[in-house]
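Heads up, the next two complexes both have subunit A, just with different partners, subunit B and then subunit C.
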Partner chain A sequence: MISRFFRRRINAIVHEIRFNFWPYLFVLPALLILGSFLIYPALSAFRMSFFDWQLLGDSEFVGLDNYLRFWELPNVKTAIFNTLQYTLLNVPGTLFASLFIAILLNQEIRGRAWFRVLFYLPVISSDVAVSLLWKWIYWAGERGLLNNVIGLLGFAPQDWLGDPDLAMPMVVLLTIWKGVGINMLIFLAGLQAIPRDLYESAQVDGASIWGQFRYVTWPLLRPVTLVVALLLTISSLQVFTPIFVMTGGGPANHTLTIAFYIYNTAFRNGLYGFAAAISYILFGFILALTIIQRRIFRDVSF
Partner chain B sequence: MNTKRSITYLFTLVLLLVLAINGASLAQNQVTITFQQPWSLDSDRGRVVQSLIDDFMAANPDIVVEIRDTGVNNEVFVTEVLSGDAADVVMFGEDGVVLFAPQDAFLDLSDFVADWDESKRNDFYESVWGFGTFEERQYGIPWIAHSMALIYNRTMFEEAGLDPDAPPTTWEELYSYAEQLTSGEQYGYGLVGLQGHDMAWSWYNFVRQNGGTLATQDGDDWSVALNSPEALEALEFYIRLRDVAPPETTTTGGGEANTLFVQGRVAMYVLGPWAVAGINNEAPDIEVGVAPLPYSMVPATTAGAGLLTVPRTTQNPEAAWRLIDFLTEVENQVKLVSTGFAFRIPTRQSAVQDEWFQEHPEYIPFVEGLSYGYSPIVLDIAREWSVVHNEVVQAELSRAFIGEVSPAEALQSMENSGNLLLNR
Partner chain C sequence: MRLAIIPVNRDKSLRRSIIYACLIIGAVVSSFPFFWMISTALKTPEQVLAIPIHWIPDPFTLENFETAFRRFDFLRYFLNTLFISSSVTILSVVICSLAGYAFAKKRFWGRDIIFNILLATLTIPGAVLMVPLFQVILNLGWINSYIGIIVPFSVSVTNIFLMRQYISTIPSELEEAARLDGASEIGIWWRIILPLSKPAIATVAIFSFVGAWDGFLWPLIVLKQKEMWTLNVALGLLQSEFIAAEGSPWGVMMSGSILVILPLIGVFLSLQRYFLSGLTIGAVKG
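Let's turn to the complex of A and B:
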C-alpha cells in the first residue's frame, strides 16, 4: 500500500521532469548552489544542535540539552532583551520614515527621480562600509561629525556609541537610514495602486490633507504596511553587521543582539551545538511570527 | 616544408622527452611536503617566505616544499584534517594550538626537540615555548612572536618638557607623563575602552604588572582569580587613565588607538611591533619611541606567537621537522620579520644580537618583553576560559569602565559568573 503510494509519487516526479526537462535544467544551477550553500548547511546545523559539537574528534549526542539549557548561557537574556528593544525601535521607526518619504516622493515635485535614487543609495551600499562610516559620524568628542553639527546648535558633544542609553538608539538610527530606501519603494508601489478618483471624491467631500491620508491612504495601504512590518521584524531579529562593526556588543553588552550572540557562541567560544540550537530557536520564533502576520494579512480586505 | 628542418625538430623533441623522463626518475628520490602559512605569495611577506623556502630546498635537494598561501582558518583546517588533505607543516597562533592539540590534531614533536642541540632549545623564550606545550608534550615550535610595548611620540615629549630618552617606567609616571602630555586636542594616552578582546588584554597587562593573575588551579579545578586586591587596583588605575585619554575612548579598540597615535591625537599608547612598522609607513614624520611597559610591581605584557605544527595526517614527519628546524634558525626568523614591514619579532633570545636589531633598536623592547610575556588565554583551560573571557570579563570590564557598576562589583561578577562557567 505504502510502497504503491511511493511508486506513484516517484512516477509522477519522473513524468514531471521528463515533460518539463528544459525548465528543470535551467533551474538546476541555482538549485545546486542554494542546495550546497544554504539548504545543506542549514540542515547540518540542525543536526549539530543535538550534539556537544567538536570540530575534531567525537561529538557527543546530547539530545535536547542545547535547547533546554541555552538559558543558562551567560548574557543570553541580555541578547534577547536587546534584540526586542532593537525591533521595537526599528520597525515603527523605519516604517513611518519610509511611509513619510514615499508620500512626499509620490507628489509631483521637481527632481523626484533624483530624490528616489538618493534615498535608495544606502540600500545598495555595503553594510560594513556604511557601518564604518557611521562609526565616524558618531565618533565621541568634539571631532565627531554629529557632535560637530550639534555643536553648531550649541549642544555639548555626546559619546553616542559609548553611552549605554544612547548606543542602541544610535545603531537603530543607522539601520533606519539604511532601510528607508527599499521600504519606501514598496510603499510607493502601494501608493500608486490607489486609484486617483478616490482622492478626487474625498476632495469633493471636503476632506483635508490629513483626512485624505487618514481615510483613504492609510486604510488602502494596510496590506502593504503589513508586508513592510513583517519584513522589518524579520530583519530586525537578525541584526548583525552594524553591531559587529560599530560596537562589538558594547558598551557593557547594551547592544549585544541574538545574531551577534550566536556568532560569539560558535566562533569565539567554540560552543557550536548551543549556537546551532539558538539559531533554530530564533528560526522557530521568526517562523511563528511570519505565520501569525500572514494570518492577519489574509483577513485584511482589499 | 624543409625536410632537414623537420628532422632537427623531431630530434630536439625526442631529446627533450628523454630529459623529461630522466628528470622524473630523479624526482622519485624526493619527497614533497606542503607548508601552509597565512601570507599570500604575491605579498611582500609571502615573497620572503618563498625565498626562505627556496633556500631550504637548495640546502635540502631531497625535499620539495609547496607553499599553500590560502591562510589558516580553523574551520578549513578541520575539514582538511578530516579529509586527509592537511598540509605537512601549518602555522598556527597559540589559540589554534591549544584548540586542536587536545583533539589530537597534531604530531607530538617532543622527540624531535630532544634531538636538538640544547643551546637551540634553550635559546627560545620560555613564555612562547610554553604556547606550544600541552600536557607536557610539544605540539608547536614558536616561529615568530609579539609582545606589547609602550609606543610614544618623542617630539610631543620634548614639547611637553619631558625627556624622550627617559620614558615612564611606573604606573604613576605613566599617569603624570600622560597628564603633562594632555593639552587642547592632544591627549596623553590612547586608552582602549571599546568592549572586546583588545580592552581585556590591555587590562590584563595591568593586573599582571600588579602581581595578579587571571585564573588559579586547585587540583583539577580552576577558578577565576580576578576578584583580587591586585586586579581591583589595576581596574581602578585603568579607569583613572580615562582622564588623560580622548573622549572617544569608549569606541577605541587596538586599531583605533593606533589611528589616534598616527593622527597625532595621543602621545602614548600600547601595541605590538606591527604598530611601529605601520607608523613608520603611514606617518614617517613622527619620531617614534618604544619602551617596555611601565609597571607597578612586576614587568608583564601580553604576548602571542605563530607556531609551526605538524598535523598528524602527514606522510613525511622527518621532512616536515627539517623544514621547522630550518625556519626557526635565528637568521631565518630575522629575515622573515625584518624584510619590508617588520610586524613580528623572533622567538629566540640571541636574535637581538643580529645586525638588524642593532640598526632598529626600537624593536628590542618587544623581544625583551617575551621574557615576561603571557598569553591572554589561560592555556590549560583554553576552551572554558575563552567563554569567561568573551562573555564575562569583557562585559563586566566595560560596565565598570562606563560607570554602570563599581570596579569592585565588576570583579565580583567576573568571579561569580566566571566560576559558574568554569565548573559547568
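Let's turn to the complex of A and C:
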C-alpha cells in the first residue's frame, strides 16, 4: 500500500519534471549554488563539530568533546564576554541614535535629501576602509584627530585603542557611526507609515513633544524597532572586520570577539572542529533570537 | 490673542532651530571623518606628522597615491576587486532573475516548499559558514582562485526575493501574448521579463556589486597569493608593511581607503533612487 502510494507520487513528480521542466531549469542554477555553498556547508559544520576535524586526511570522531571542552580553550570566555559587551553597547547605541535622527528628519525641514545622503555615506563605505580611517582618528598622542578635538575642549589626550577600558567602547563608536544611516532609513519608513492625524489629535489633547513620542510614536513603531534591534543584535554577535583591522583583538584580548576567535581557532591554530562547535553554538543563539522575534511579531500584528 | 500667538510662534521657531542644530551636528560628525581621510591622503609625510595638526594640506600632493600604485601595487588590487565585483554582479542578475521569474510566474511541483527553505536559510549567520565553506572550496580546488570568491557569493536569497516580488507585478498577459507569438521560454525571460524589471535588476546589481566590493573575511581566507588580493585584503594586511616602509604610513593608507570608497560612493550617488527603493522593500519585508 505504502509503496504503491510512494510510487504513484514519484511517478507524478517525474511526469511533472518531464513536461514542465522549464521552471526547474530556471531555478536550478540558484539552487545548485545555494545548496553547495550555503545549505550544505551549514549542515556539514554540524557534522564537523563532532570531530577532531582535519581539512586534509582523516578526522577523528570525538562525540560531544568539542562542545564540552571548548570552555577549557584559552580566552574563550573572554571572547564571549567581549561579544556580549559589544552587543549591549552597540544595539541600544545605534538604535536610539538612528531613531533620534529619523524623528528629526521626519519633521518639516528643508534639505532632507541632503541630510539623508550625508548620514548614508558611512553605510556605503567599506568596512575595512572606515576601520582604518577611525584607527587613524583614534591615534594616540597629539597627531590623532580625536585627541585634537577633545584638546580644544581642554581634555588630555588618550590612547583610545591602547587602553583596555576604552578600546571596546571606541570600536562600538565606529560601528554606531557606520550603522546609523541604514537604520535611520528603516525607522524613517516606519515613521512615515504613522498617520499624521494621530499627532494632531495628540496635540489637541495637549500632549507635549515627549508625550507625543511616548504615546504615539513609540508604541506604533514597536514592530520596526524590534526588527532593527534584532538585525543589530545578529550583526553585533558576528562582528569581525573592525576588530581585525583596528585592534587585532587587543589590548590584552580586551576586544577579542567570538567571530574573531573562530577565525583564529580555525585559520591560525587549525582547530577546525572546535571552531565549528563554537560557530554552531553561535548559530543556535542567533536562531533562538530569530524565533523569539517571530513569536513577538505574531503577538504584535493581529 | 496676540499674546497667545507670539509665544507659540517663538516656540515653533525655537524648536525648528534645535532640530536644525541637531541635524547639522549629526551631519558633521557623519561626514567630517571623510574630510580628514581626504586631507590626510593629500598631505606630504611631513605634514601628516606635523604638530599641531594641519587641517588642510598645503601644498596638495598626490605623492601618497603614487606610492600606493608604485610600491604597493594598488592598481592590481583595484582591478582584482573590479573583476570580482563585476563577475558577481553579472552572475547574480542572471541567476536571481531566472529564479525570481520561475518563483513569481510559474507553477511547478515543490515551488512553495523550495521557496520557504530558501527563506529559512536567511537565518544562517555568515560566521558559521567560515570553516565548512573553506572545506568545500578546498575540496573543489578553488583555494587561491577568483572562482572561489565569485561563485559562492553570486547568489543571494534576498536578491531572488527582490526579483520575485518585482516580477510578480508584471501582468501575465504580456508573457501569454509572447507565447502565442511563438516565443521560447528563454525568449520570454530575455525579451519580456528582463526589460520590464529594470528597476529590480538595478537594485540587485547594486547590492551584489557593493556586497562583493565590500567583502573582506572571505577573500582574506581564500586568497593566499599577494597578487590575487582585493583592495580590502591589501588594506587590512599591509598595515604593518606600510608602517615599516614609510615614515608616516597614514597618507598612503588613507589614499588606499579612498580608492576603496570612491567607487562605492559614485555608484551610490548616481543610482541612489534604486538603492533606497531596494532598502524599503527589504525593510517592509523585515
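Brief remarks follow.
Simple rule for what comes next: the second predicted complex is superposed on the first by the 272 of 302 C-alpha atoms of A that agree within 3 Å, B and C clash if a C-alpha of one lies under 4 Å from a C-alpha of the other, contacts with A are read in each partner's own complex, and residues count from 1 in each chain.
To be clear about the criterion, a contact is a pair of C-beta atoms (placed from the backbone, for glycine too) under 8 Å apart; a residue touches a chain by one contact, two chains touch by 3 or more.
None of these values were measured; they are calculated from a predicted model.
Of the two partner chains, subunit B is the only one touched by A:L161; subunit C is not. Once the two structures are overlaid, the count of subunit A residues touched is higher for C than for its counterpart among subunit B and subunit C. After overlaying the two complexes on the shared chain, residue contacts for A:P169 are found with neither subunit B nor subunit C. Residue contacts after overlaying the shared chain place A:A276 against subunit C, while subunit B stays out of touching range.
Legend: residue contacts after superposition of the two complexes on their common chain; A:G249 is shown touching subunit B, with no touch to subunit C.
Contact with both subunit B and subunit C is seen for A:L55 once the two complexes are overlaid on the shared chain.
Shared-chain residue A:Q238: touches subunit C; no touch with subunit B. Common to the subunit B and subunit C contact sets on subunit A are residues 55-56, 139, 142-143. For subunit C in complex with subunit A, the touching residues are 15-16, 19-20, 22-23, 26-27, 29-31, 33-34, 36-37, 40, 48-49, 51-53, 94-96, 98-99, 101-103, 106-111, 114, 117-118, 121, 123-136, 138, 151-155, 157, 160, 185, 189, 210, 213-214, 216-217, 220-221, 231-232, 235-236, 239, 250, 253-254, 256-258, 260-261, 264-265, 268-269, 272, 276, 279-280, 283-284, 286. The part of subunit A that touches subunit C in the complex is made up of residues 12-13, 16-17, 20, 22-24, 26-27, 29-31, 33-34, 36-42, 44-45, 48, 55-56, 100-101, 104-105, 107, 109, 115, 117-122, 124-130, 132-134, 136-137, 139, 142-143, 145, 148, 177, 180-182, 185-186, 189-190, 209, 224, 227, 234, 237-238, 240-241, 244-245, 258-259, 262-263, 266-267, 272, 275-276, 279-280, 282-283, 286-287, 290, 297. Interface residues of subunit B facing subunit A in the complex, by the touch rule stated above, are 74-75, 78, 81-82, 99-100, 103-105, 185, 193-196, 246-251, 253, 383, 386-387, 390-392, 394-396, 398-399, 401-402, 404, 417, 420-421, 424.
Put simply, subunit A touches subunit B in their complex at residues 54-57, 72-75, 135, 138-144, 157, 159, 161-164, 246-253, 256, 264, 268-271.
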